[in-house]
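Two complexes are shown next, each including chain A; its partner changes from chain B in the first to chain C in the second.
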Partner chain A sequence: MFGKANKLTRKVTGLIKGLWWKILVGVWMSATIYCAFIVVGPAHGFSMNGEGAKIIFFHVPSAWLATLSYVVAAFYAIQYLIRQNIESDEKCATSMELGLVFGLCATVTGSIFSHNEWGKYWSFDPRQTSILVILLLFTAYLVLRNSITEPRKRAIISSVYALAALPPAMFLIWVVPRVVESLHQFANQAVIGDKLGGSYGPVLYFLALPAFLGLFIWMFQLRMQYYKLYLLNQKMKAEKKQCNLK
Partner chain B sequence: MGRSNAYTGVDMVAQPKSSQQNGATLPIIHQSLLILRKDILLELRNRAALQAILLFSITTLIVVGFSAGGGANLPPDTLASLLWIILFFSAFSGLSHVFIKEEESNTAIALRLTSEANAVLWGKLLFNTLLTFVIIMIISPLYFILLNAPIIQPGKLALSLLTGGIGLSVSATIIAVIIARSHGKPALYGAIGFPILLPMLFIAVDATRLTFQTYSNINVLNRDILGLASFDVLMIVTAGLLFPYVWESE
Partner chain C sequence: MQSEMISLAIAPLIIWGTVFAYLLILDKKISAMLSSKKEDDL
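For the complex of A and B:
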């Protein structure tokens, strides 16, 4: 009994592993918010006296992470198919869930920006359509995965679905917005071409993107730790049942 | 082909495992053609999939034609998107049948024993593509007649329907095996297939729309058809890589 409790304490202390970089993520995120609202000035030619441009510090990293999480999910899906270890599948699902969260953030911030600049929340712009379909993909994956209860079967089916949806998803993310003309291209050129004013680029690339990336990794780890605790709980329940039977 | 073959439909698929071990395996193309023949024979016997799809598509066609006011001149955008909506939903009402049938009648295990995974995929893919073409050849002329579609470039229209139809059947086949192996959640079939097919549907609608217009940009049309063809190749390769994992699971 005591040994079991000891094991549990070790698991709990394991939770705070890597505390230093988590504090760093907090500092980085605070710096991003501080810079976004106070340090960086208004950009010329945007709504609300140029303050409307500041949403890119939160919109661009969210959109970027939504894309990244699909790539990560596909990576773990391939890993599952090669190694057949159930943890890879759980990582794939975690990544998909985070992708849904960040994708929703990107969609909401994007449509607020669209309303301020172009007068409409939603105009079926190619970029908007593609993020909508990506969100549908994340949801479809999670619905399919939740509909199967048997772990092995669930892992294989959902990994294969994630990979079958990979070519269309990549096509939507990288090809469609570049081929079809859209309003978003002007916004993109403003960011890439640095038309927003000097401090926008550095704050976006050196503060906002790393902070959001750190947040993503942290959330990913938390979700995986939850999964491990869940497994531990299941195991302890099974052991308890066995003890009772004896 | 003996009388017993007509009832089981299994023993004509390929040679049994024992002869495979003796080195007398049929080549994959031969195996897949046998599977195609088996599926066509089974389909001709009760016509379940074909009838379901045709009934569904003709019903939607009539609804669309009726609500569009019977021979009203719709703009090319609407014409093209309605055509592809009908084709998408009719395809997804019946193309899953090809794998669900095997699971329902418990013949999937026999198929798995007698033939290689890729042969099964190609056989089923050929069957579904054939079925899709039959549906397109029945539905699209009716659609053009009922809705007074102005066909400016018939050749390009046929090409866009051909490439789009292949993409539709390939995606439907890989989703069908996923659904069949997850032990029958047919309600999810359309919902899961839709996000995968949407990019292809965008291009297909764009290509079909351009063939209805008098002054359309021929370069954009060619680019769309090329895009559809490359989507087909991409999905065929993806299906070939992923199919064995689902098919041979547990």
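For the complex of A and C:
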């Protein structure tokens, strides 16, 4: 299973080498902002004469990427536990860090939406409570990871935590908001049922989501390059120490 | 209304432009440092 998944990952990363796709991410995100403000019209049933719905273009992709981060982190956590490859553990940590960043973006944009639609920045809606718990799960991972100094021990414990955190996170994201009555129901049905109007669907699925996904991959790559640089530095320091001892 | 929306779109475009430029510069710098360190190793 991992062999096939790794081949796929290598193929994907092979395809996205170079500068061209990063420029494309820039253009795609700019097009998302342009379309969100200028091309797309107001949506029926939302505040500010329907303009309040436009935050969906930034809130929904952020929330989806926070979810994706969990899945990616769990994948690398399993890979680490099977192969004991320290790079897989670093990829798991990178994914959790990005999950926290995108989760925070989803929370901030969600609070603005909550203020516009329901009158309060925080309404203690089940969806809001669940994102708060999810943010705490991400933070707990990072705190736990940074509290252990021995690399192998840190990798094993944090990988097990990343795996253990996946089921409650998925439960909070997919199950809780659907079984408990929520203020989000109208907005959810509008997005999933594509009831927002003409160009909302295409802009969300073909511009905003790919732009945010590209940004996620770019940030992931940057974080891993930084890690490689850190390793090279450590290696050089160790070599210098050895030279001085001789 | 249209001109109002255009002026509203300028701020996020500027913010995104800044973030994008920062990411590009960071990307270039890290890549350059990695390749120079690898050359040193060789």
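Rule of thumb we're sticking to: the second predicted complex is superposed on the first by the 229 of 246 C-alpha atoms of A that agree within 3 Å, B and C clash if a C-alpha of one lies under 4 Å from a C-alpha of the other, contacts with A are read in each partner's own complex, and residues count from 1 in each chain.
Assume contacts are C-beta pairs under 8 Å (C-beta built on N, C-alpha and C of every residue); 3 or more make two chains touch, one makes a residue touch a chain.
Quick caveat, the model's predicted, so the values are computed rather than measured.
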Partner chain(s) touched by A:37 [first = chain B, second = chain C, both, neither]: second
Partner chain(s) touched by A:83 [first = chain B, second = chain C, both, neither]: neither
Contacts of A:147 with chain B and chain C, given as first, second, both or neither: first
First, second, both or neither for A:120, with chain B first and chain C second: neither
Chain B versus chain C, judged by how many residues of chain A each one touches: B
Chain B versus chain C as contact partner of A:225, first or second or both or neither: second
Common interface residues of chain A - those touching chain B in one complex and chain C in the other: none
Parts of chain C lying in touch with chain A, wherever the complex brings them together: 2, 5-6, 8-9, 12-13, 16-17, 20, 23-24, 26-27, 30-31, 33-34, 37-38, 40-41
Chain A residues within the chain C interface of the complex: 22, 25-26, 29-30, 33-34, 36-38, 218-219, 222, 225-226, 228-229, 232-233, 236
Chain B-facing residues of chain A, complex: 81, 129, 133, 136-137, 140, 143-144, 147-148, 152-153, 156-157, 159-161, 163-168, 171-172, 176
Residues on chain B engaged by chain A in the complex (per definition of touch): 174-175, 178, 181-183, 185, 188, 191-192, 194-200, 202, 231, 234-235, 238-239, 241-242, 245-246, 249-250
